[in-house]
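Here it is, the structure in full.
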């Protein structure tokens, strides 16, 4: 039994961890397979391409499906608590991106589920952790988390503004000018405030254009707020390159993290 | 009379304050009612939905109207100076979002006033104060207030630029290319400078496109200004270098957090 | 002669300076007149409005023209070196925004020059100097000047990128898809990179859309550069609230500019 | 032979370096020629202009081609390792922007290669180095390099988000509403997230508009991230806290500007 256990243990190490050479190799192969599978889904969705190479695409689709099936089974086998994996976010994504091809025998139209495979791309971030980008993404994450509350308040404020302004625009412009309902007007207000500006709906009355101008200038000005929030958070989180230790001899502060001697008097610092 | 007073007092506590359990509950119920009422107005404005479920929506509308009426009456009763509430910003909003249904018996077309109900969403910010987001929204408010003067100067500058550039574009492009009047050209200049770009009006002549390019690059560059302003203000206000303690001797405020003595008169500060 | 000189001197004080009560009043009246004249030009450009009230607008236009004429003559009379004013930027603007009505007797079509009056709005900034916004606009100006070189390099870089990408898009999309010439393609590249996106020209081929995607993501990322530049400049220029003086007793630094006593040990600071 | 060598050496100095007066002159003349050649290509691409002045443009094109040919030959002759230049990035660009006119005798359609000449504009940056903008562009470059890792992680994140959201929108909206394939939907997601918003494709279903709203607000919020990154990097690099001096004992670099002793080994630094 020890052998089997060690075999499972080894598999777990390869699939779920990335410290060993095999683990890293597995992650890279998986990443390539995911990207290939997404490219496949993309190509299938292009009609002109699908008509020409339908058979080739179908074969590739089966290869990917079988590979993902094997991976899914290995993941379930090698983990100690399979149910925890199966009902985890990644577990559900993995299953949903594997089964559509099998389901297509039973149901017609289940094919669209294949597109969910794009969500597997999120696994990339796990693999990124192993690279030199870990520091960069950590700084970003720390800054994101620190500014979460402020960004939430801001986005909440933006949504309320859009509901109010969208409702006002619905009253001013009316259905004749494309503002057929309040939800649609709110959608337009979001399109405008975020400076996207599709132009599928645009105000026609002078008063509507005046209020639209205010919304646009508002959007142009308040984009400064999330930027300001994140800027100051990133500045803070990347400031931590100096520590706050004071030199035991001259009491100068703000030494570099890797400093062994005081930059001012040359005496030895405490580790 | 003491009893009645205490009953009024208690009602006031529940409706206007949020320190007690009942007060918090009232605020949450009110918030849910406001959101429900707005969703209702939105659904009514969608023609296809309104045609199917007109009766249900009408009943819901009456329930909301009656609830808001009761709330409005209670607010007037429980406050010491009812007129001050009635003519306050929130008082007017509350009235305007309650009466349209009653008015619809007398006037046809008053229905649109219902949309003003969206303004009641602003009450949300009062309720937010009670949550953990108070700190976040305070930092934002402080930064907003501190940068108000600079942002005003900036927006003023943007408006002047848009008037000048809009006028120039009117002269260059003319009515044939959609720039039918100066206000419309100024509207276009705002759409372009703020990088919204609806595309309902677009320059057709080479010279017009050249000036449009300059406007766009200008807009792309000067968006940096409000961002820079807010960034530095948020950075400042989140540094918390100054506390709000007043010197017990000279009443000067804004001492540094680590200050032991008043920087103005030299007397000892309270810890 | 002294009397005349003093009369001229007084006029100069009122028109060109703003220290006296009369000078401030003149500036405010002038500002109101400028805004009125611009509103007038705007209303005239709206066809439906001009048809109805042509006579009234014509009378107002003559009043404004006469007022501006008087102002122009007074400006020329009251200054010591009239030629310097006449050929200065403001002098030319003032003249050009005054004469079109007179010229309309001689030439037809000179009416459009009236629109140049919008440039007179720039005078507003002179008047702003007198208000509490002076500090705010100064900080902005200092930051602008400090970041001029960096912003120039950045905009230069943006223009080169747009020329290169516009040329490439011309080769890929061609005249059939709206990219009729290289200047037009460069115009499109600017519209896209600055995230304006009118949509009057849009790539149709897959390769064109792919490159457009790269342009858009590039534009989305490099907008960070001017923002970063201005942010750090504003942060620097508003940091100067603390001076670098060290306390003569405890050597603590970073005292407030208005501090008289050390915030750490309470001893008197040097003025 | 010494004479020839010194002649070559002198030519090399003029063409490849810019320390001498002749070198600077050469760079300026080259820059003017490049700009002229690009203007020429642009004008040729404008049909109405090309029809009128085809002959003049053709002559100018030949003059530019001959000048560039001479420059190319001189560059190859004067350098010690001609192959290194010929196969360098600039070498290939120089060749490709010179030969199309010759090729047009042999192949029809090779004319479009002329547009590659726009890439020669990149040489401008070499010339910029000589001006007072060198400091500004260096600060920018340092900040760019320092934030490369973080910006990469961010852009990678943006691309993944766009693939996922594009796929979801393809499933919701479908080919009937313009989302004809997944690549096209991903293109739309990029257009929307970067707040460009052409409007050539726009969601029609309520659910699609709801998700589009989320994408837009997301794009509006996450633009803060690159801005924050670059801001803090520019703030850091313009603070000049560290100098580039290497410790004479241990060769560690990046000492603080006010450092008297090496932070790593404690030995005295040069003033």
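Letters A, B, C and D name the chains as they come in the text, with residue numbers starting at 1 for each one.
FYI, a residue touches a chain if its C-beta (ideal position, glycine included) is under 8 Å from a C-beta of that chain, and two chains touch if they have at least 3 such contacts.
Just so it is clear, the structure is predicted and the values come from calculations on it, not from any experiment.
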{"item": "Pair joined by the larger number of C-beta contacts - A-D, C-D", "value": "A-D"}
{"item": "Per Cα centroids, the chain farthest from subunit B", "value": "D"}
{"item": "Numbering shared by both copies at the subunit C-subunit B contact, with half separating same from different", "value": "different"}
{"item": "Contact-pair overlap exceeding half with A-B, pair selected from B-C, A-C or B-D", "value": "B-C"}
{"item": "Inter-centroid spacing, subunit D versus subunit B (mean Cα positions, whole Å)", "value": "42"}
{"item": "Distance between chain centroids, defined by C-alpha means - subunit A, subunit D (Å)", "value": "28"}
{"item": "Inter-centroid spacing, subunit D versus subunit C (mean Cα positions, whole Å)", "value": "30"}
{"item": "Residues within subunit C bordering two or more other chains", "value": "154, 183, 186, 195-199, 219, 223, 227-229, 231-232, 235"}
{"item": "Subunit B-touching residues of subunit A, taken from the complex the two chains share", "value": "149-150, 152-154, 156, 160, 163-164, 167-168, 170-171, 175, 180-183, 186, 192, 195-199, 202, 206, 209-210, 212-213, 216-217, 219-221, 223-225, 227-229, 231-232, 235-236"}
{"item": "Interface residues, subunit C side, partner subunit B - complex", "value": "38, 41-42, 45-47, 112, 115-116, 118-119, 121-122, 124, 128, 132-133, 135-137, 139-140, 143-144, 151, 154-155, 158-159, 183-184, 186-187, 190-191, 193-200, 219, 223, 226-235, 238, 255-256, 258-268"}
{"item": "Touching residues (chain side subunit B, partner subunit D) in the complex", "value": "195-199, 227, 231"}
